[in-house]
Amino acid sequence: MNIHEYQAKEILRSHGVPIPPGEVATTPAQAEAIATTYGTAVMVKAQVHAGGRGKAGGVKFCKTPADAKEKATAILGMKIKDLTVEKVLVTVAADIGTEAYVGIIVDRATKKPVFMVSAAGGIDIEEVAATTPEKILYVPVDVRYGLPTYDAMRMGFFLYEDVKLARGAAKIMQHLYAAFMAAGCSLAEINPLVVTPTGDLLAVDGKMVIDDNELDRKPDIAALRDESSEEPSEVDARNANLTFIKLDGNVGCVVNGAGLAMATMDLVKYYGGEPANFLDIGGSSNPEKVVNALRIITADKNVKAILFNIFGGITRTDDVANGIVTATKANPLKVPIVIRLTGTNEELAMKILTENGFTASSDMDTAVQQAVALAKGGK
Amino acid sequence: MNIHEYQAKEILRSHGVPIPPGEVATTPAQAEAIATTYGTAVMVKAQVHAGGRGKAGGVKFCKTPADAKEKATAILGMKIKDLTVEKVLVTVAADIGTEAYVGIIVDRATKKPVFMVSAAGGIDIEEVAATTPEKILYVPVDVRYGLPTYDAMRMGFFLYEDVKLARGAAKIMQHLYAAFMAAGCSLAEINPLVVTPTGDLLAVDGKMVIDDNELDRKPDIAALRDESSEEPSEVDARNANLTFIKLDGNVGCVVNGAGLAMATMDLVKYYGGEPANFLDIGGSSNPEKVVNALRIITADKNVKAILFNIFGGITRTDDVANGIVTATKANPLKVPIVIRLTGTNEELAMKILTENGFTASSDMDTAVQQAVALAKGGK
Amino acid sequence: MSVFIDKNTKLVIQGITGRDGSFHAKQMMEYGTQVVAGVTPGKGGQKFEGTVPIFNTVFDAVKATGANTSVIYVPPPFAADAMMEAAAAGVSLVVCITEGVPVLDMTKVYPFVKERGVRLLGPNCPGLITPGESKVGIIPGRICLPGPVGVVSRSGTLTYEVVYQLTRAGIGQTTCVGIGGDPINGTNFIDCLEAFEKDPATKAIAMMGEIGGTDEQEAAEYVKKHMKKPVVGFIAGQTAPPGRRMGHAGAIISGSSGTAAEKLEAFAAAGMGISKRPMDFVELIRARLK
Amino acid sequence: MSVFIDKNTKLVIQGITGRDGSFHAKQMMEYGTQVVAGVTPGKGGQKFEGTVPIFNTVFDAVKATGANTSVIYVPPPFAADAMMEAAAAGVSLVVCITEGVPVLDMTKVYPFVKERGVRLLGPNCPGLITPGESKVGIIPGRICLPGPVGVVSRSGTLTYEVVYQLTRAGIGQTTCVGIGGDPINGTNFIDCLEAFEKDPATKAIAMMGEIGGTDEQEAAEYVKKHMKKPVVGFIAGQTAPPGRRMGHAGAIISGSSGTAAEKLEAFAAAGMGISKRPMDFVELIRARLK
């Protein structure tokens, strides 16, 4: 789950990371009022789940409250990568001496959280990694021991020669690590970490991505989700416990299991079709899920044919069949449907479908070919 | 460092361990007032750093506030193992169904905190260990992982068949472990852990011993020290950064290093003398320490001779010599002194001592023999 | 012959009385797996289906029954503890079916099982099956057939699909292993390839990967360097939108973007067969068994 | 010959610019120890006494100088981190002189160094010395003499006393090791006995224990089972008041009260010589060297 900059900063601040004062505004007047209370130059920053906000014109320096109002007017409502800006962060503008990058991610290879730090901050870390990899220090953290002071200091000295700054940065790493663990992150970044001309360290931008699997046990973090800033159909799917990603094709896919779902999309493409979505109904059997899946898929006007590909293991195929029957009774389909079912309770499923006027096959390859043909207007 | 029951219970309570309500009283009137506010039967419990309070009459059940006043009158001021009771804990008397023992200590052999739990609680765990060792379950904790739920549940089921009680006890173990780590304990005990007739778990007595080495970084815990309940000369020594234990003999010993100090006491005994104390001036050189050591030792009227045994490594023997000179100038000695010095800056030390009228040798064996003889009134 | 499990596997089921646990317990028992114990705290002393003794803890279960393998069907918040309990209690193989285990939990579980020398499969995996001998997990037994092919996959239902195709074509399996698709799991492709290479009964290997990470690339490297037996590979997610299943930062660390193209290239460089569709495994494997 | 350190030991000193660190750095350099680096955060780039390069981190020091041993003189709150840093940075021996390290810190440091295969001596120990070759720690060099006796002790100044007596009697030492008296330390008696048994130059061993714990009893058991070389033992604290240096609970776990009598009995049962006074080592060792 993505959270906004202002939310990530709030978490970081509560763990001791120095953050410039800031508040969120949803109207230009609010932005002006916030800038007035600070009485200094401010930054007005679009709060959307997208990179490249600066390049898109979503981050502006404002000398005066009037200026902040004007910039907020321009930014609120603008679109950045298809997402409408609903909120801006109004934050005290920091004097910037040097900029560094500090991030942690969970790394598959070492099976540990790994710090990445670089004195070349403020720009895309991907670019640094590609062009000057020696400018990044990687430090894996063994969570059994936490982040030891010596590793934090090692990173501090990698960023700064001055021992006072190195110590300050080391403390920030430890706070960042604590925040990362406490919030259940898969990624946390401070970019840039700034040294002001007076020698203070400040986290001028902050980013956090939360592991979705943490949300059940962290209601405070789960509450940070901003559904207004996400694709509505994906929000809908998530609330129905489905994994759904909208794409641009016309073959709506309903599959159980992420691997089989991807393989199904690949096969659609292989036979010249275009998948309209990735949709994994998951492992547990529940007719309700199928009902929701059909509702979400049919809401997409691009969808010209629907393909079910279910291999029943934990999933009982009779539950899926019942779901199809229930959903189509309530809302009759306007596009053709191709059903492939095999595995657990397959015979019962076939019986249910047949009795309700559906045909179904047990072969994936032919089902996919058929769906592609139907989406193209064939029979 | 020992802390009182009421202090340990406060720490345990703050970590979520269920503790019966209680307050400290230093006068019988206070005890009565506390009992009145509870409006139930209470226990009045002597707060001293000694075991066997119950057998000594320091723990009493009181039906009424008047009863509490009367029992507090008897307990306040009584002596338990040479320690005067200055405070009592007045606490709601729990209905007791069953009693269990739960403790953690730092174990040298496994190099881990180890839980000891037994359904045979309420009595001395040493007795259980000696007579029915199979009634104790030992569970070492790897601090890198903390106390896992499965180990806590394993202990819970060892104490109680009922899963609700097992879960409750498991939670208490986890709270106890958290308290143990947070307070920097070398020992923490709940004895007894009680199941009330209504099926609630309650920690009716609690004990904690703090690792002295933790106190510098845990000022809140250090502040719990109750000097009024300790031997005054030992308090004095500790405040002077000396390790001192008062004994009953007449040869006052000033040694650097615990091992050498013990070996010196052993040698005093070997030659028929009795050491008046254990005193380790520690590793770092500081004439002030010697001054304080002499002050503390000469305060003991039993001391008939003073023996210095210093092997200078980190300790500089000239610092020790200067300390002896300074201390005896300010407060001339009334008993003979035997000085053995060797090691770092030995020649300078000998010169300082000689110039100030002292004699000193470099041989431990003869120095000890001489001190024993002098303490016996010899020359 | 087989890898990891066989007819001597003595299984304890953690969460045996839960919805999924009880369903699959019966499935495994029907398949012939030696299910010697179940664990549900508070139900110690009872019996599952009148035959399998239930214990309060895995410790009790292992002590009483000599179970050497555990399979876990407990909900995500309890899964990490369940894996550690199994490893601490002394089984040598732990299979965690549970989906949705927080990845930070796994950063702790992984070294825990490693330092005890215990093999962990999963989490978020379908388990494994040695056709005709033993099944641990949720792979449907009737789609499998004893035979010479080792199957290893990051995905659940995709594994079923491929195994089913093989079985329908009369090509049996030594052992089918679903390693799970989570970022941190206990057993990876290389572990399985190594085991299959050592297993005399395995004559060819079918391997199903996914986009994301570099496990497949490393596996290909391993095949190239250490394997004499033929390996056929597949990658799911060739048409998946980039950046939705893995972050940029992960790509930086691994020096790879984890795309299907990159993985297939590694397969080709290792001389592996490449199955373009799931069903293409049949002919590719058949050719390599001759 | 010797154990743990010799003339090839390349030492980095953590806390080289502190009060104790700088004093003993000079002592070690004077004794002939190869002091190749010092560490003080913020003083990286400077030189100690004009010759020894100072680094900000142990990592930098090891990388630049190839130091294989570290000695630690940092204050107690920083000692645990310093031990872990040294172990992580790649030295094979870490000697921690610092006194007053919280024991709970050591419950974490101990597995950390163990899983890296690093030997830790201490904390709260005087270090070790191989007379004539190298000294790491604070044992005064001039009281030692090269020779055939291995010395191992839980106490600092008591070690000096015994070594001094041996040296005055013309009996030299291979290596003198102070393992420290803290409840949890990195190297115990058995580790040292094993090393001395293997060291061809060591012909007899002097071992000084204290009351508390069961290390001496286990060492005696080890001597009985595994040692061919003669060992003479001493226990300090025969007259110490009971219960002041160790709690009851510790005694329960170990099944022992850790008294001097018990330890001396174990020594006797192992056929060890028993030195009643520190000075008795001289004759007992002399007899065993013949």
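We just call them A, B, C and D in the order they show up, numbering each chain from 1.
Everything below uses one rule, namely that contacts are C-beta pairs under 8 Å (C-beta built on N, C-alpha and C of every residue); 3 or more make two chains touch, one makes a residue touch a chain.
These numbers come from a predicted model, not from an experiment.
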With centres defined by CA atoms only, which chain is the most remote from chain D? A
Centre-of-Cα separation between chain D and chain A, whole angstrom: 54
Rounded to the nearest whole Å, what is the centre-to-centre distance of chain A and chain C, using the mean of the C-alpha atoms as each centre? 28
Taking each chain's centre as the mean of its CA atoms, chain C sits from chain D at a distance in Å of 48
Could you pull out the residues of chain C that touch at least 2 other chains? 108
Quick check on chain B: which residues sit in contact with 2+ other chains? 144-145
Topology of the chain contact graph, where touching chains are joined (line, ring, star, complete, other): other
Flag every residue of chain A that touches chain C in the complex, lowest number first. 103, 105-109, 111-114, 116, 125-126, 129, 136, 138, 142-144, 181, 184, 186-187, 189, 209, 211, 213-214, 216-217, 245, 247, 255-260, 262-263, 265-270, 275, 278, 282-284, 311-315, 342-344, 364-365
Partner chain D, residues of chain A touching it in the complex: 145, 148-151, 153-154, 157, 163-164, 166-167
Seen from chain D, its contact residues with chain B in the complex are 20, 24, 76-77, 99-104, 106-108, 110-111, 126, 138-140, 143, 153-161, 164, 181, 183-184, 208, 210-211, 213-215, 234, 236-241, 244, 247-254, 276-279
Using the touch rule from the top, collect the residues of chain D that touch chain A in their complex. 41-42, 44, 56-59, 78, 81-82, 84-85, 88, 108, 112
Touch list for chain A against partner chain B, complex: 144-145
